[in-house]
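In the two assemblies presented below, chain A is common to both, partnered first by chain B and then by chain C.
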Partner chain A sequence: MAASSFEWPWEYNFPPFFTLQPNLDTREKQLQSWCSLILSYQKHIKSHTLDVVEMQTSSLFYNKSIERKLSLESIYLILDRLEKKGHIEWLDKSKKQCYLMWRTPQEWGNTIYKWAKEAGLVNTVCTFYELTDGDDTAGQEFHGLEPDLLVKALKVLESQGKAEIIEMDESRGVKFF
Partner chain B sequence: MDRLEWSDGNLFPNESTSIQQIGVRIYDGEDKTPFDNGSLLLTSHRLIWKDAKDQTCVLSLPLSLIVFVEEQAGGFSKSPKILAHLSAPMPGKQPGPATSSKNHYIRFSFTQGGMTEFYRCLADELAHRRWEHIPLTSHQPASQKRHVRAAGIVGIERNIQQKHKETDQNISVAFEDLNKLIAKAKDMVTLAKGISSKIKEKQGDITEDETIRLQSYLLSLGVDDPVTRETHGSGQSYYRELAKQIGSMLEQPLRESGGIMTLTDVYCRVNRARGMELLSPEDLISACKLLEVLKLPVRLKSFDSGVQVLQLQSHSEEESIEKTAKLVEENGSLTAEELSTMAGLSVILAKERLLLTEKSGGVCRDESVEGLRFYPNQFLTRKDLYFQLGRTL
Partner chain C sequence: MRRRGIGMGAIKNKNLAQARFKDKGSELAEDQLNQMSKQLDVFRTHLEDFAAKHKDDIRKDPQFRKHFQEMCATIGVDPLASGKGFWAEMLGVGDFYYELGVQIVEVCLATSHRNGGLMDLEELRQKLLSTRGKRKQEISIDDLMRAIKKLKVLGNGFTVIPVGGRYLVQSVPGELSMDHTAVLQLAEDTGYVSMSMIRDRLKWGEERSHRAVDYMLKEGLAWVDDQAPQEKHFWFPALFSNLDQE
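Entry: the complex of A and B
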């Protein structure tokens, strides 16, 4: 559905893009482009999970107009790279499905922390609801963020000593430092 | 056409004539031949064609070779013809106007009529097979040998046996020629050596130019003094001499073929030049490995794929990479085959060139069901790669 309106980059119509390049310099650029493309595409179709077998035949990895398909081996190579960067968490050991975050928890954490500082919320407590659904955050990118991802982002901040997650009666909140 | 023999036009004592017709032209299958106007004589044993102008130009065809004949009626502008299907030529055949022909039939065109009558007599002779009963005098070819009547399985077996025997004979005849060639080749080498030494002695009489030219002719025939194990012993000194010889011999050919040649081509060229004293592949490689040690202008190089080549030391890899990348750029994309026809290289070398260019980042590959294709490396040349666009997610 939404895939049709996605604006494909020039690489997508360049046949060598679908062949893993043996030259390492070339491969580096190729893989970087693939990483960006996957994240953009996932964001475009608003998907947070990725099923490898299913995606193999999706237009992301299979360009029908030039009849080129990315091999499974190459797909895993790219996903591994995304995992190392923190964009992916595998949901099963056999690596069939993964949780895909087009922005990493670290990046979300930074965005949220920056906002909190600017809004003068340091040393005050905000509920999770306030962050993702409150009026104050209406214009923010993390408005409407998935609860799971929000927790991951805040946990990163917690580990850096920038915030603390607080359990309250019915909901959870966070205190920024 | 290759079944026809030159003849003196005389009949044998026990050969009797049947019918003769003038204005006959011979076709080799569907093709015209120079024998376009003559008289055709039918005898009990042969068809004899005599040129109308040149009475010494006489061809004969044993009737035993005719499998069967057909009539071809004439038309508005076509003369009536007799088509004779022929069996394979017999060994020991007398020389004729052609040594080989793709056609297994010839046609006689009757430009001045008489075809019907001639055809009737010919069919008659073929039916009676008189040549089987009255052998011609002894010097006639073996084809006149009595045919063994063959019937049933025994007949077929006998036929096969006979064919085997013929093949055997053909093979031994062929190898006889080869033996002669080998014997003569040695003489030729000695002769060539003799000539070159004489030239050296009498240099005053012949101009420098001519000497050089003759020597180059001799060289193109082969190496006048090949390095052999007999003359140079075994081991390193043998290989060293061999390497020197290969180096000097191939410098020019290498220059002509773009500075690079696969080892297989080298092997063929070296052995063709050596003529008699053939090199083994191992010896060639051992010698080629010494090219660099001896600081010769020709070097052995192994590509990553394992393909080995000799190349001139002056041959610049950068230059050929640059050239290849440019060709790919100009054509949008190239396969090894396309590059090979474009640059006049063998496909193997073309592929090596593309791989080398890929290694240096000049091109990138597209592997699909259609094969391996190389494209200009836009990953490295373009600055608007997707991850470089700075989109925010």
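Entry: the complex of A and C
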């Protein structure tokens, strides 16, 4: 469905892209390309979770038209790298499913903080609902953001002293500094 | 005695005559030189006239530019020999190629992460045309070759390698031997080579084939594909991107 209109990078049709490259420089380029491909693909299908076993046979890791698929070992190598960059959190110890953020909480935090400052909301309290579903944020990239991810992003801001999460009855809000 | 006297005179006369001949000789040479420089002046004026008249053509029309370059080459003039001087001032021909050179370097650097610094000349031309965009000045393969030749003064970074029907630009230092070029040539149609292809078509032994392919893997020019049906394939991004477009 949505995947059909996704614009694959040139590498996707390049058969050796699906073989882990022995040359370390080339491998580095390859892994980087895979990282950005995974993120943009997930963004395109608007997915926040990734099931490794399930994804093995999805068109992301299996290009049917050239009959090439990425090995499980390579998939894990790429996911580990994404984890180091803060894009992934494993949901189980056996690493079967992960929470995937095509933008890191840090990046989301920056986007939200920038918006709050521009909208003159410093020193005011906003509810979480206002941030993700309010009329004021319509058209913002973080409009409709998953609650979990929102909390992660705001926690980053909190640790930087740019915001404070406030527990209110029934709902939660955030105060920007 | 008398005879001896005559003899002395004769020698003197001979010396005198030789001196006169010499004078006359240098006079003639001077004349010729004058004439030559006059002719050169005339030639120069004509060339200047020609250049001024066709300045726009030279800048805009790659075909014309090529003919102009060829004409200059036949009479032993290299309009690109110096950035300053008459040519650059009159035509901006020098500037044209230097500018192009800089843009070539930019494009090659920007794409080297994907092709290991080996790029199809036609692909390079397409990329340049799209980046130059606005001015819409047509550039030809011939222009690119000349500009790349000029880049040689910066060291051995840029080389044009003929591979069958096309040209590849190599923008990373590192010599490609005849063997490597032969492998590239073999891969021209498909984008890849395999050990059996090399054995059957180039008639090389195991070791020679491996040495050539290993080097190209090491330089980042080739990628391995383990999932091909029978044996490993070695792909070249520089050749693949072109297949992609066709």
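Here is the rule we go by: the second predicted complex is superposed on the first by the 177 of 177 C-alpha atoms of A that agree within 3 Å, B and C clash if a C-alpha of one lies under 4 Å from a C-alpha of the other, contacts with A are read in each partner's own complex, and residues count from 1 in each chain.
As a working rule, a contact is a pair of C-beta atoms (placed from the backbone, for glycine too) under 8 Å apart; a residue touches a chain by one contact, two chains touch by 3 or more.
Quick caveat, the model's predicted, so the values are computed rather than measured.
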Once chain A from each complex is brought into register, does chain C clash with chain B or fit beside it?
-> clash
In the overlay, answer first, second, both or neither for which of chain B and chain C A:103 touches.
-> first
Based on the superposed arrangement, let me know which partner A:68 touches: chain B (first), chain C (second), both, or neither?
-> both
Touching partner for A:21 - first (chain B), second (chain C), both, neither | both
When the two structures are overlaid on chain A, which partner does A:39 contact: first (chain B), second (chain C), both, or neither?
-> first
Taking the superposition as given, does A:29 touch the first partner, chain B, the second, chain C, both, or neither?
-> both
Can A:13 be said to touch chain B (first), chain C (second), both, or neither?
-> second
Counting residues of chain A touched by each of chain B and chain C, the higher count belongs to B
Just name the clashing stretch of chain C against chain B, choosing from 132-140, 150-158 or 222-230.
-> 222-230
Considering each complex separately, which residues of chain A are in contact with chain B in the first and with chain C in the second?
-> 10-11, 14-16, 18-19, 21-23, 25-26, 29-30, 67-68
Chain A touches which residues of chain B in the complex?
-> 333, 358-359, 361, 364-368, 373, 375, 377-380, 382, 384-387, 389, 391, 393
Counting only contacts in the complex, chain C reaches chain A at residues 113-114, 116, 192, 217-218, 220, 223-228, 233, 235, 237, 240-241, 244
List of chain A residues in touch with chain C within their complex | 10-11, 13-19, 21-23, 25-26, 29-30, 67-69
Per the touch rule, the chain A residues reaching chain B in their complex are 9-11, 14-16, 18-19, 21-23, 25-26, 29-30, 32-33, 35-37, 39-40, 43, 67-68, 102-103
